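In the two complexes below, subunit A is the common chain; its partner is subunit B in one and subunit C in the other.
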Partner chain A sequence: MRGWWPIFKRELLSYYVTPLAWVVMTSFLVLQGMHFYVLVAQLAAQGSQGADAGPVQSFFGGTVLLYLPLLFVCPVLTMRLFAEERRSGTIEALLTTPVHVLGVVLGKYLAVLVAYVVMWLPTVLYMALVARHGDVQWPVVGAGYLGMFAVGAGYLAVGTMTSALTRSQLAAAITSAMAIIGLFMLGIGAFILPDGPGRELCAYVSVWGQMNDFSRGIIDTRRLVLDATLVVVPLFITVRAVESWRAP
Partner chain B sequence: MIEVEKLSKYYGSLAAVRDVSFRVGSGQVVGFLGPNGAGKSTTLRVLAGFVGASSGRVRIGGHDIEDERLEALGNIGYMPETAPLYVEMRVTEQLRFRAELKGVGRPGGRKAIAKEVSRVIERATIADVADVPISELSKGYRQRVALADALLGSPPLLILDEPSAGLDPNQIREVRSLIRDLGGEQTVLISSHILPEIEATCSEVVVIDQGTLVAMGTIADIRREQAPVAIRLVLSGVVEAALVAIEEHEVVENCTVAEGPHTQLVVQLKSEMVNDVGGATAKLVACCVATGALVREASPEAPSLEDVFSRLTRSEGERMEGGP
Partner chain C sequence: MSTGSKSAKFDRRSWGAAGGIAAAVVIGVFVNVLASRHYQRFDWTEAGLYTLHPTTIETIKDLSEPIEITVLLATGDPLELTVRHLLVAYGAKSTRLVVRFVDPERETAAFLALQQKHSITLGRTDSGQLVSDAAIVVSRGSHHHFIASDGLVAITERGARPRVELVLTAAIRRVLAGEAPQVCFTSGHGEPSLEQGGATGLLALGGRLEKNNYAVRTLPPAHTIRGDDPIRSCRVVVIAAPTRALPVTEVERLSGFARSGGNMLVALGPVPNPSDAGYVKMGVGPLLAVLGVRMNRDFVFERDESRRVAGGFGETFIAQLGRHRLSESLLAGGGVDVRISVASSIEKLPTFEGKVDPLLTTSESSFAMADFFAWAKDPSQSPEPEASDRRGPLTIAIASERVVAQEGKATKGPSARAVVIGSPSVAYGGTWQDPQWRGTTLFTESALSWLTAAPMVLDIPAKRTHAPLTVTHDLLRQVLLLLVCVVPLSMLLIGVAVRSRRTKTKGARRPTTATKGDSK
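Right, the complex of A and B next:
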């Protein structure tokens, strides 16, 4: 673990001094703002009697608009992590200091995770807005955010891994986007496959299914186990990849 | 401080370093010399733990670079050849980050780090750019920031890969005097393909060419071993008999003659005469005088280090080409 703290601080700082993070964050918020507006407008048109779900539940579970941006945001947030250090050569200075490789990987990963959480923070305002005009079940909101956190944590770990496996940021972003989209598509299998183990597996990995549960306040630990696996395995591969750079 | 045993490093089938062994004692300033592509940076990268050796062992301060990696790295301040820095940071930010990474000032905390950062800024004379973003620095300044980085925490061993590349003559002089000052308390290993650089700062040299070690020792030693010992004589008057006598003299290996207003001779001595050049000179002068020639000048011919260097690396090159 040694070395994670200074690396974490530096990565976080460099997010907010480069324009990239601001561009990503702003576009993400614009998208989510539109998403929220559309939902509320729709609900208002239907009137309260026609709606089978409140705005909070619709926001977290009703549409793919919630996590579709993540397929692009996560790769962009993570692409720099290792690819940039290798391109500029700073990786040589970094790996010749007395730090653990695990510390390097975790420092970078935690920084991007915090940037991700910060990106979601302003959306809490929407919840506050809803709360002013109606009832908000805060535990449900919490479950919704927990779901988004868990899903994002996995995607960011995949992005961290591809950043270490490729030499260019662009290749890192494309590879991780493809991996994440692949995971996402697997979830679609739950709608088209016939009943059977294949369909069950697809339903298990489906983000749609996960958010459907979480947006109703149902926290399924099997889903969380899957998300944790999606964090641990890619990070483990990242550590091995970084260690392998000094292979004989 | 450094023990390298039979170190080899292959990139695919290319042997960048082959079977290199050497030791560097504490407090020495050692030059690591070789032409471009000789394998200097590769060796230093292995020593600094960035590149794994294909075979062989490296110990830094008694710690094996593979088995006790963190302990070994804790002893090293390494300045890579490319002087890599985080361009989005300011100079002090970069140095503060690096100081924290290296565990400088632990457990002293913030104050100790700030103090150490200002010490190395002072040392590398970069105070005037301390708050400038690194992306706006010139190459020479970046080079000195990287040097300051290596100095952080006063590690017992400094490994500097071409520290003065890209500096102007004034800065080169400053860096050299800095390196000389470091010797004694810190062990320094600097690579270079420029001889005056090494001559100006180092007491010992390791010469490497095409991945193999070709010479090692103090500069004086290498000059003596590798350079044929020679004497320059200037004769006038009747010289023919003297020339014959010299050619046949027991201490002489061979002799070249240049005509001019006077007869100039460069006499190569047999290698066993290395330690008695003065005696050999006296004998030759006596021999010339005996034949009736006039000796106007007699002086030992010291080869320049350039000669030694090019001889070392050229002969190695020829050996390689002639090999099977």
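Right, the complex of A and C next:
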């Protein structure tokens, strides 16, 4: 774990000096802004909302527009973490420093996680705007963000892993996008499969199910355990992969 | 030898890494299997919308046999997720609840089977949404309880408020208790029968009551009773549109029921006698006195143009709904039009010790004609009030509550309720079949619901809710301008600023480096 802080700082700074970060953030905010606008316009058309079906609940758990950007943003954020270092050969220098592999992986992962959180920060404005025109239950908003954090943390860990398993950024992005989309599609099985273990499994991994819970202020420990698993296992694999690059 | 050693070492490392990864995956799966079996759900809503009330937990924790809950809400229904979340919370407290979701749009065959089994009717709203008259069916063996969609929310001034837990727990208790509350209709005095369809029959009212989970039965006249009087098992007795006088024995029987704490719904109005020279003396005065009111022998005309229904002389009109517990939900949604046709006025007896609240009233310009038959001889002229006529506003429906004295006990017993409506029109089939009379049917249903209310469900308080978002044109404009344009554009500008600063910094460094190189 020793020495992760300089790696974290370097990774975070390097992220924000590339145009990619700002393009990703701008695109993400345009999409989420439009998503929120559509929801509010829809509520205006409906006239009234139930006590637990307001714009906050709809934003975090109502439509696929929340998840779709994530399926592509997370791979883009993580693709260069290890693949670029391996391609340019800088990974060798990094591995010769007296930093533990775990520190390297965690430093990079935490940097990309912070970038992900920063990407979401402007959306707090949406909630503030809603609060000006109606009541907002801030604990429910907090639960929604917690859900998005947990889902994103899992997806980013998967992206970190695929970046460590390939030399090409593009290959890393495509592989992690496929893995994340696969997880997402598995969750859709909960809506189409008949009752049985298959449906239960799909419902368990369903990000829809998770965000339906969290967006309404329900924190389910099963979802958190699944997300934690999606963080720990890919990061463990990443550590093992990076360790294997070190000379014996 | 050296190469072989390296290769062996590599193989050992590879196998070690693969083994470690496999072990991590297995541990991950194991932890998730454990977590799926032993989990907690924390409710972060301020009102605790998904936290079960102790009454609910008490109800379901020791179920001795399975209770089947079938939810018939379409996937897009606004309440579907609320019900789903709440049923997960129910499921966490009892393994005896068998929950099944049947989407009427997607699982047509399964829905049709249920439709036939429970005689469920299905319709489509203007917005294209499928709705059935039973949104949830709670079953225990042969006992069923139906919950309609509109029963799942309470309409208040602050918008729709879910009350799913209240109705679900009440339904579970109802099927656990077995028998549905009995609503008994008197017979033998010219009342239409429960089997009679058409505009003046009670078939439509009886059918609706059965769907509202009441057991509906006809009460035989008093003089035909041999042995135990079935009136004892009635939760509510309904006297609906009699056209002949009730014999003294019948009135005594009904008065005795009321005195002993029985609840009653009386819907009767002016009935002309066969010679059209006066009203039939119904003989219900002593019974109404027990309920705290007197029904006048008059005929109400509404002269307020905004309340009169087009056509006629004002004998059919929209009554003003009074504030009362049973009318709360009707008033909250902006009110409903309660139409009444052919009514007599009602007055509270000054000697009555109980509580009498007016439910339906007429306008100030209305009046109750005392001598209807004199005017009826030549009905070409609009009716005008005479000196002997009562002037508006007139009460045409009341709700009364009285405390029942318990025999041989100093303490007073529970309160008994009654609703008296000075018009039989609320019970007729035509009223229940015509959409224009929807407000009247809602009023009658609310009255019966108040009369049959079981105190056991009242200990689940309504959950506090927040004011819904009022989406104004201004808000939409702000969202479009601020969130779709300003915020992303700001982010782009920051990015451009960072980029240009970096370019400048790089540019500033280059000549220095070149100078140094040159000097060297």
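Here, the second predicted complex is superposed on the first by the 242 of 248 C-alpha atoms of A that agree within 3 Å, B and C clash if a C-alpha of one lies under 4 Å from a C-alpha of the other, contacts with A are read in each partner's own complex, and residues count from 1 in each chain.
Convention: contacts are C-beta pairs under 8 Å (C-beta built on N, C-alpha and C of every residue); 3 or more make two chains touch, one makes a residue touch a chain.
Please read these numbers as outputs of a predicted model, since none were measured by experiment.
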Contacts of A:G3 with subunit B and subunit C, given as first, second, both or neither: first
Which of subunit B and subunit C A:H100 touches, first, second, both or neither: first
First (subunit B), second (subunit C), both or neither touched by A:V17: both
Touching partner for A:L170 - first (subunit B), second (subunit C), both, neither: neither
Partner chain(s) touched by A:R246 [first = subunit B, second = subunit C, both, neither]: first
A:M34 touches, of subunit B and subunit C: first, second, both or neither? second
Larger contact residue set on subunit A - subunit B or subunit C: C
Which superposed partner A:T90 touches (first subunit B, second subunit C, both, neither): first
On subunit A, positions contacted by subunit B and by subunit C: 17, 248
Contact set on subunit C toward subunit A in their complex: 6, 9-10, 13-14, 17, 20-21, 24-25, 28, 31-32, 35-36, 39-47, 49-50, 75, 78-79, 81-82, 85, 153, 159-162, 463, 465-472, 475-476, 478-480, 482-485, 487-489, 491-492, 494-496, 498-499, 502
Residues of subunit A touching subunit B in the complex: 2-3, 5-7, 9-10, 13-14, 17-18, 88-100, 246-248
Contact footprint of subunit C on subunit A as seen in their complex: 16-17, 19, 21-23, 25-27, 29-30, 32-34, 36-37, 40-41, 43-44, 48-55, 122, 125-126, 129-130, 133-137, 139-140, 142-143, 191, 204, 212-213, 216-222, 225-226, 229, 232-233, 236-237, 240, 243-244, 248
Sites on subunit B touched by subunit A in the complex: 9-10, 45, 48-55, 69-71, 73-74, 76, 78, 80, 82, 84-89, 93, 97-98, 100-103, 146, 149
